[in-house]
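Paired with chain B in one complex and with chain C in the other, chain A is shared by the two complexes that follow.
The block that comes next holds the complex of A and B.
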């Protein structure tokens, strides 16, 4: 990257490292950090949305919808963690391809499952065999996002369901006494008040979500774990101008510190958010804040 | 080949006994059940030993974190923060490569790079940190009256801790600790996915499940089998911990007893 990088063998330590850490592959490593942040930025709102819908369904007055919501919550929460991640990506992939197969290749007469193989027509392949490399990567990333959102959506649904139930009954009765309809009570009284009850659970979930991001590696995404393994491995002089021994330990130490810093920052931000949400609420925390304000 | 024969060949495959080659084609349901079941042995090994050793360290950590002496409190706080604040997955990778570097320096570290010891140490430290935090929370919520009563009876120091504080701490922490135990057993599936190599194809349940899923392109059989085995393990944990919970609460009136509430969680 720098002009003095043309001959790495002649450099002193500081310059050598400044060149080494700015090579093209290292740029891919840094981009992978943005992939993690992107995954979090996309997954968190989508999972929260899934969770909100799930919680609404679970407390619906319409029986089948209520069953659906409760089944979603307990099914996803009951199945062991990582198995779900490995299973869901392949299952979703096959489901998409199967649906496209039904639409795009109506004249197909062979069975789709031939023994142990899953075979759909060429036009139904996702992404198409002819599409460029970045399409394949984006598709894989998209599947990962959906999987994360479904799994964490169920957990968020459970937290939000609990939060909705924790809102004092008297608040809702007051709203009804003022003549609000069910919908108005829900949106104007219940939803604004439930967050303070749901936030401890949600922040816990956010921490778990941060710590689940390295699983992208298992789903075949070129994420930070992948690059740390690639870059840290022993490099011999024949293949690179920056030879070094086995540095994977240092790369993973760096990842460890990255995650520790990330969770620490999240803790601080969530704590201040909690302080703001508590303001004016009918809880012990809100009461303490009210008394602390000098009048 | 009958199913009994398969069980004889592969029942202890994960420990290195029986048939050396894994099945290569024409996978029967029996083969999948047997091999994945033999892999579960490793999950139980990791889970049980890490939990037992972690329990002791967690008690020490909780007491240290509650201490007024900052030379005891700070290290405990840092230990808990480091292991709870970073993904277990990254901890596994880091530990594996750390042990690999140490192996180059001294042959004493040879066994640490294999899963049976290296991964066990990581799981042990990790569960100690999580459990330590649970115990710390329980220590802080011990009823004031209990401690005052102990003081009134003239109990102090070690006796007071052993007779009053520790049992009450366990009683309060037990429901959360049960969840942690289930959670730890689920986390043992990460071992063979994170650095530690499976030597001679001796792996855990998920290792064999992904072997079958890769070979057959069909995730709908092996992964549900893993889930099935894990549900069995989970039920076993709930039974054992439930019995202990009953024992811990036996002196209380019926309505004051704390029920176990099982809350499974995703990856740590």
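The block that comes next holds the complex of A and C.
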């Protein structure tokens, strides 16, 4: 990075660290922070969408759909995350490739499963074996988003389902008395009011999601915890120009500060969101707001 | 365009599975110097990087390096996320049931115990080893208490912080750590010869790719380039072919 970095052994502490902290590996570490933030920014809305659909399905009047929604919620909530990430992602990847295989390689005569091996034709590979590494990374990232969305979607569905039931029945009856259809009641009365009941549960999920990102490495995505472990590990001379002992404590301390800061920001944002959602609601919070504002 | 794809597919059939692809994805751990590690520039480096690149050059393959956790390195190979494992993996019967190996490109290795004091009795002490390694298997059978860790780094850290009495790992991995520790760590007990040498792991169905790499390894053994690389990374005293 800097011109004086060519001989790190001869440097004083400040310069040594300025070189050390700008090596290529450290750049990957910094990029990983953006990766994690991007993952959260994409996953959270998608998971919320899954949750909303799941909750809608679970309270549907159409029986099979209701079963499907309930099964989704209880099945996914009951399976440990790590099982989901090890088994489900590989299965999902193989399902995609199997489907492409059926379409793209109709002439294939060998079995797809040969013992432990999963063999599809080259054209059905996802991404293609010849694709550059960044496409593999992006694909892995996409799989991660889908898996996170399914897992956290199930929890969100349960929270939203509860939120929908918490809306006072009187509100819905009033809507029906005004002649609104089921659909109108749902979208105009139920949904706007349920958020205030769902938000505490959802904010909990968000906090858990923030800290679940180390699971990413199971999918081959190098997240911040992976890099902290890798960079903090003992480095012996000969394999690096910057040998050092076991510094994982300092790297993890840095992560701790990052996560605490991130959690604090989330809390502030969620609190102000709560204030806005409470406005005009028939809850204790809404009542307090109404009394505080002079009319 | 569609016709082109079909033609390519037909060509792929006739040319066989492995050779049809000119890009081979090489899976490694990146945490086991001198075999494989991440260098300052953030790239995969080490003995296996050199060997792998040379093998690919000889077999006229384009190789792409991929990092994967040791824990899931075999499942991700058989499900096709990469095509080879080149991660200091010793050839054992158990692994051979699940995947295939090339011939060894590193002779059968010695494993050794490293402790923080020389009074440790490795037969009955608490020994740290990496999960799913031949060393972990050996400790489990030796009567000592085994504590397993996911990464090699953690096994050594366990000895430094007193969680384990000694660590059992490849001699070549431990040697630079002992040298750099300034007397804090030392070898104890006798080295144990373990495993059938280090080979490249491939899917059992990928016989053609295995034969290709086998031939390339043979040619590297014959003209002495493999020995040069062994000495470059493991020092003058190492076993060569």
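In the analysis below, the second predicted complex is superposed on the first by the 277 of 295 C-alpha atoms of A that agree within 3 Å, B and C clash if a C-alpha of one lies under 4 Å from a C-alpha of the other, contacts with A are read in each partner's own complex, and residues count from 1 in each chain.
We adopt the following convention: contacts are C-beta pairs under 8 Å (C-beta built on N, C-alpha and C of every residue); 3 or more make two chains touch, one makes a residue touch a chain.
Not measured: the values here are computed from a predicted model.
After superposition on chain A, the partners chain B and chain C collide with one another. With both structures placed on the common chain, the touch criterion links A:225 to chain B but leaves chain C unconnected. When the two structures are aligned on the shared chain, A:172 is found in touch with neither chain B nor chain C.
By the touch criterion stated above, A:212 is placed in contact with chain B alone, chain C being left untouched. In the superposed model, A:86 makes contact with both chain B and chain C. Once the two complexes are overlaid on the shared chain, A:256 sits against chain B while remaining clear of chain C. Shared-chain residue A:243: touches chain C; no touch with chain B.
Of the two partner chains, neither chain B nor chain C is touched by A:270. When the two structures are aligned on the shared chain, A:125 is found in touch with chain C, with no touch to chain B.
Once the two structures sit on top of each other via chain A, chain B runs into chain C at 153-161, and not at any other stretch of 117-125, 153-161 or 207-215.
Comparing the two interfaces of chain A, the one with chain B and the one with chain C have residues 86, 90, 116-118, 217-218, 229, 246, 248 in common. Against chain A, the residues of chain C that register as touching in their complex are 5, 8-9, 12-13, 17, 20-23, 25, 30-31, 33-34, 37-43, 45-46, 64, 66-69, 72, 75-76, 78-81, 83, 98-99, 151, 153, 156-157, 160, 176-177, 179-180, 203-206. Within the complex, the chain B residues that touch chain A are 27, 81-82, 85-91, 93-94, 97-98, 100-101, 186-187, 189-190, 193, 206, 209-210, 213, 215-220, 223-224, 226-227, 230-231, 234, 263-268. Residue ranges of chain A in contact with chain C, taken from their complex: 23-25, 27-28, 86, 90, 93-94, 97, 104-105, 107, 114-123, 125, 129-130, 132-133, 136, 217-218, 220, 222, 229-230, 233-234, 236-243, 246, 248. For chain A in complex with chain B, the touching residues are 77-87, 90-91, 113, 116-118, 151-152, 155, 208, 210-215, 217-218, 225, 228-229, 232, 246, 248-249, 252-253, 255-256, 259-260, 263-264.
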